[in-house]
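Next come two complexes, and both contain chain A; in the first it sits with chain B, in the second with chain C.
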Partner chain A sequence: MDFSTALQIFFSGLNLGSIYTALGLGFFVVYSVTRVLNLAQGEFVMLGGMLTVSFYTMGIPLPASIALAVVITGLVGAGFYRFIIYPARNASGATKVFLTLGFSFIIEGVALRVWGWEFRILPAFLDTPSIQLWGATIFGQTPWVIGITLLMVIGLFLYFGRTIQGKALRACANEPLGARLMGISIERMALFSFILAAGLGAVVGALITPLTMTSYSMGLPLAAKGLLAAFVGGITRAEGVILGGFIYGMIEAITAGVIPGGYHNAIAPLILVVIFLSRRRGLLVTAGKG
Partner chain B sequence: MTKKIVLGLVAAAFLIGGLVSCKKAESVASYKIGVAVAQTGSYAGLGSQFLEGMELMVDSINEAGGVNGIPLEVVIYDNKSEATETTLVVKKLIEVDQVHALIEGTVTALGMSIVPVANESGVPTVILSGTGLLDDQLGAWVFRPAGTEDNYIALSLEYMSQEMGISEYATLLENSGYGQGGKVYLPQRSPSYNLTIVEEQYFDPGATDLTTQLTNIKNSEAQLIFVWGSSPTASMAVKQARELGISLPIMATPPQVMPDALASFGEYYKMEPPLLASTTKMDIWEQLPDSDRYKALYRDFTQLFTESYDHSPSLWQMLGAQYITFIEDGLKRVGTTSTDVTEIRSQLRDALESTEKLQLLTSVYTMSPEDHFGQVEQTLVIVTFRDGEMVLAP
Partner chain C sequence: MLANTRVIKEIPKRVATAKRQNLVLALFAIVLLTIPLGASPYPLTVMVDIGLYSIITMGLIMLMGLAGQISLGHAAFVGCGAYISGILTTKYDFDPWPALFLAALITGGIAAFIGRFMFKLHGLILAGVTLALNLVFYHLVSSLIDLTGGAMGMMSIPPLSLGPFTSQNLFFNYYLIWIIAILLLIFSLNLSDSRPGRALRALNVHAGGSEDAAQVVGVDVTKYKVWVFVLSAVYASLAGSAYAHYTRIIEPGTFMVQLSAMVALMAIIGGRSSPWGAFLGAGLIVGLRQLLRESIPVLVGGLSGSYELIAYGIILVVALLFMPQGLISIVRRAAPRKRAVLDES
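And now, the complex of A and B:
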């Protein structure tokens, strides 16, 4: 294999990795606060993408379209917590996971009614052209995905690590009783985490649409990949989500170029499952924590 | 919605009519056609278009008094783009709804999934598939009056070799039932056109990054890329190739020039060198010479279609319409002598198998016990893009 091909595989892995990392962040936020595995996270991404495209095609400038999409998706996230998760707050973890799955189907059904089955696509932000480097190509949108995902990660770090509210959020998951004794409203924090995850999801949706296209049914398949990646890296830490996302992206890029037809979609998850089985808490989580 | 209500009213009217006529005549109240089609899932686009064409034809037959004076009644279930779901709804159609005929109107994998149950239960069945690879597995009860990759392979390869002077090319094939046709036939047929495949790459429907595959192709000796697939990813391949700065000509398959793909990727199709694709004459019927009898056929169908829908028909809508016409033609020859479901099913099977020189939208069909595909005439063309429009390739 020559250098430019190897480099292209690397870029392709970066591209896919940034997508999966961006997807994983929403799982991370909800899981670290509520310990709920929110399978509807992919629907927030889909809503973000579809709403942005809809507003954008109405002639609203892209930043405003994204902002509108984030607000609406955040409201959906709030409603989801308030009317579905909150009433079941005392149910088992498995019940809550099924509720998120059910909600995911509801959103998908509504999206099919509203937008139809057609897939849609956005131009790269600011029409950024592809970048040629040593015979390989980076899509114009990829730096945007990496850059904005990085900003979101830094933001989350600062928020969870440096602010009182962020620390309170984490306390809710680690020491629910203690948090309550300290006067933290777990319900309000959980509500906030769902709004935050939905909003992040919507940004991600707008961000990846120029690369992945978007359609009413894209939520679950993408969420499944993002979740798998997040788990492998360690869903309780943002670094874990990033590591998992990029490992998944790289494996996918390598298999796409090297493995002959028919097995691409099977091999990357298989490798991840093997990694996961050997480190069940995720690569970046030490035993006893998380 | 209004269309469904109207359809419902028409069906109800016929039902009442049928109940009244029961007293005097020995015939069924309606011919029931069970349809399994993707209305959700990854093939929802194709399934929905198929339904448009199908419902249009059912309405127009019923408005004209039905077949042998008996209305057609369609029972439609969503197979969710999944083979297991398709088998499930088809069993329901056979056992609960007691349909006389079955249609699967989406893609090869879903259609093939009902072949065993259709044959075991003895229900005449029409499946939508664009591959001739599986024709020997259809059994006695299943028909496929559609197209075959053989048509566009011959056409495309001849164009590449004769008109473009290509000798070496690369393939980029979808991992799907549809892509399988390219995987098998392209290497088989290429030598007779003095063409060599120098690079063979694959992608999954739903994949988002084909740059690695495209780079492998870019680094080969290929003079052209043959992209073969029916998912949006197959269309996105053209976009990514152009973004990678690959300026090789690209040859595509009919699903890649359907309206939704054109809407999303048209600007990349028009980039130099413009995309080439084999497709049905329907897509450019206005440019056909008047001597071509398909011109009139498509003019009439487009007119009928646009009375009901706000867009022009394309391949899947044509197929939806022609599958109904195919069954209608069989039913005409069944007559009205029986009311027994099993008997009608069996009579209809025999009738479909003796279809002769039936002009449908995509071609002319003659069925026989040995041939349940039956296409007797090649009707595809190579198109390209000029001044932003899809045109017949020079």
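And now, the complex of A and C:
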């Protein structure tokens, strides 16, 4: 393998890794606060992508389109928590998973109604041209994906680590009773985590639409990929999700580079499952802490 | 231990209900097997769909209701059955019947292999991993173009035949699928009252059991979980093979995560505590689907696909919030004597 191929694979891995990290973070935000495994996370991504395309084709500038998509998806996330998850807040984890699956069906149906079955696409942000670097070609959207994911990660760390509200969210996750005794409303924090996850998902949707296109039925497969990334690194810690996301991205890029045909789509998640089965608490979660 | 004393107390009740169960079963079989005598082709094709979904759902119900494990990847096993049947008959000149059974055997073997590793996982994590494995299956089948035809799928799969009849004949196919469904129902009902069935219930947290307690009284927890997982995969494979030989065309998209979600939906709506729930769930959802397909084009115009998805979602959410035991609980409440409880909470 020559240098330019390796470089190409590396950038492809960074790009995919950023996407999987961003997908996984949506699961992390909801799971760490509410212990709900939200299979509808992929639908937020789909909604974000679809809404951005719709507003953009109406002639609204791209940043405003994305902002609108994020706000609307956030509202959908709020409604989801308030009307579907909140009434079942005392139900078992399995019941909640299936509730998120039911919501996923509803959103998919609404999307099919509104946008039809066609795939939608956006141009690379600001029409960024592809970049040539030592023989490797980097698609114009890639720097945006990596940069914005980085911003989201930094934002989450600052928010959870530095703000009172972020600390309250973490408190809910670690010690719900204690948090309640300290006057933190767990319900409000849970609502907030759903809005945050929906908003994050919408940003991811807008980010990946120039690369992979968006269609009404992509939510559940995306959710499966994001979940894998989160599981492998450890869904209860943000660092774990980031590590899992980049491992997934790199493995997929390498298998795609080495084995032609669509096999990487099957082999990469399979390798991830094997890694996860051999290290079930997640790579970053040490014994006794998970 | 609590789980086991409960199981022992249930035994006399179970003997009494077994007779009633046999009566219901006989009635069910007679009604189903006489339906085609007066029916036109359209209701029969719908009934075939219900039969196929019921078989898959029954397997999932055993896994979820008896062993308390969640799978969101069962479409992969349906796909295994369909593709192995298709490959054996079209590429290796197998007859359809041996292909169907060999497919079930291979799929069971795959499930046994995966199960050994996977049942170290619990509950929600298992749901996520099975979902991911469904994705793996889809992409694998889409990529193995020489063997599976890739995204284009496989065509001209030969039909199952018996004497002069083939599964291209709707009546024959109806009987074929419903006889398989009824035989599997009898097997499932007997299983839940057998030693493995009791062992499984003893380890099912949702049925008031406990894995630790089951382990203490000598139940090999992982073995039984893998065992029921294999069984549910075999059910799915049989339905997949029957589907492949019936439609004669298969493509990877059919066996994507959406099918797994549909089957889970049917299991929950029907009720996870009894194999009967599979028929209630599949009947309701397929019935609703047909109703929407008939009425939407007339009432609002256009295709009904989006309305179907919305309806499924709403039904699933409403069922989970207000009827978590599924339709089977309503049927039981209506019956004068309750069957012994093995419901989930």
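Here is the rule we go by: the second predicted complex is superposed on the first by the 286 of 290 C-alpha atoms of A that agree within 3 Å, B and C clash if a C-alpha of one lies under 4 Å from a C-alpha of the other, contacts with A are read in each partner's own complex, and residues count from 1 in each chain.
As a working rule, a residue touches a chain if its C-beta (ideal position, glycine included) is under 8 Å from a C-beta of that chain, and two chains touch if they have at least 3 such contacts.
Given the structure is predicted, the values throughout are model-derived calculations rather than measurements.
Participant: Which term applies to chain B and chain C once both are placed on chain A by superposition, clash or fit?
Facilitator: clash
Participant: Once chain A of both complexes is superposed, is A:Ala253 in touch with chain B (first), chain C (second), both, or neither?
Facilitator: first
Participant: When the two structures are overlaid on chain A, which partner does A:Leu211 contact: first (chain B), second (chain C), both, or neither?
Facilitator: First partner only.
Participant: Quick check on the superposed pair: does A:Ala88 touch chain B, chain C, both, or neither? Answer first, second, both or neither.
Facilitator: A:Ala88 sits against chain C, while chain B stays out of touch.
Participant: Using the superposition on chain A described above, determine whether A:Phe192 touches chain B (first), chain C (second), both, or neither.
Facilitator: Touch status of A:Phe192: no partner.
Participant: So in the superposed three-chain picture, is A:Leu272 touching just chain B, just chain C, both, or none of them (first/second/both/neither)?
Facilitator: After superposing on A, A:Leu272 lies in contact with chain C but is clear of chain B.
Participant: Determine, under the contact definition given at the top, whether A:Pro221 touches first (chain B), second (chain C), both, or neither.
Facilitator: So A:Pro221 meets both chain B and chain C here.
Participant: With both complexes superposed on chain A, which partner does A:Leu112 reach: first (chain B), second (chain C), both or neither?
Facilitator: Both partners, chain B and chain C.
Participant: Flag for me the stretch of chain B that overlaps chain C after superposition; candidates: 9-17, 171-179, 297-305 or 369-377.
Facilitator: Between chain B and chain C, the clashing stretch is 171-179.
Participant: Where on chain A do the contacts from chain B and from chain C line up?
Facilitator: Overlap of chain B and chain C footprints on chain A: residues 108-109, 112, 217, 221, 261-262, 265.
Participant: Help me check something: in the complex, which residues belonging to chain B touch chain A?
Facilitator: Of all residues in chain B, those touching chain A are 40-42, 44-45, 48, 173, 175, 183, 200-204, 206-213, 215-216, 219, 232, 236, 240, 243-245, 260, 263-265.
Participant: Within their complex, state which residues of chain A touch chain C.
Facilitator: 37, 39, 84, 87-88, 91-95, 97-99, 101-113, 217, 220-221, 223-225, 227-228, 231, 261-263, 265-266, 269-270, 272-273, 276-277, 280
Participant: Please name which positions on chain C make contact with chain A in the complex.
Facilitator: 70, 72, 117-118, 120-121, 123-125, 127-129, 131-140, 142-143, 145, 206, 256-258, 261, 264-265, 268, 305-317, 320-321, 324, 345
Participant: In their complex, what parts of chain A are in touch with chain B?
Facilitator: 2, 4-5, 8-9, 11-12, 15-16, 19, 108-109, 112, 116-121, 130, 132, 136-137, 139-140, 211-213, 215, 217, 221, 252-254, 256-257, 260-262, 264-265
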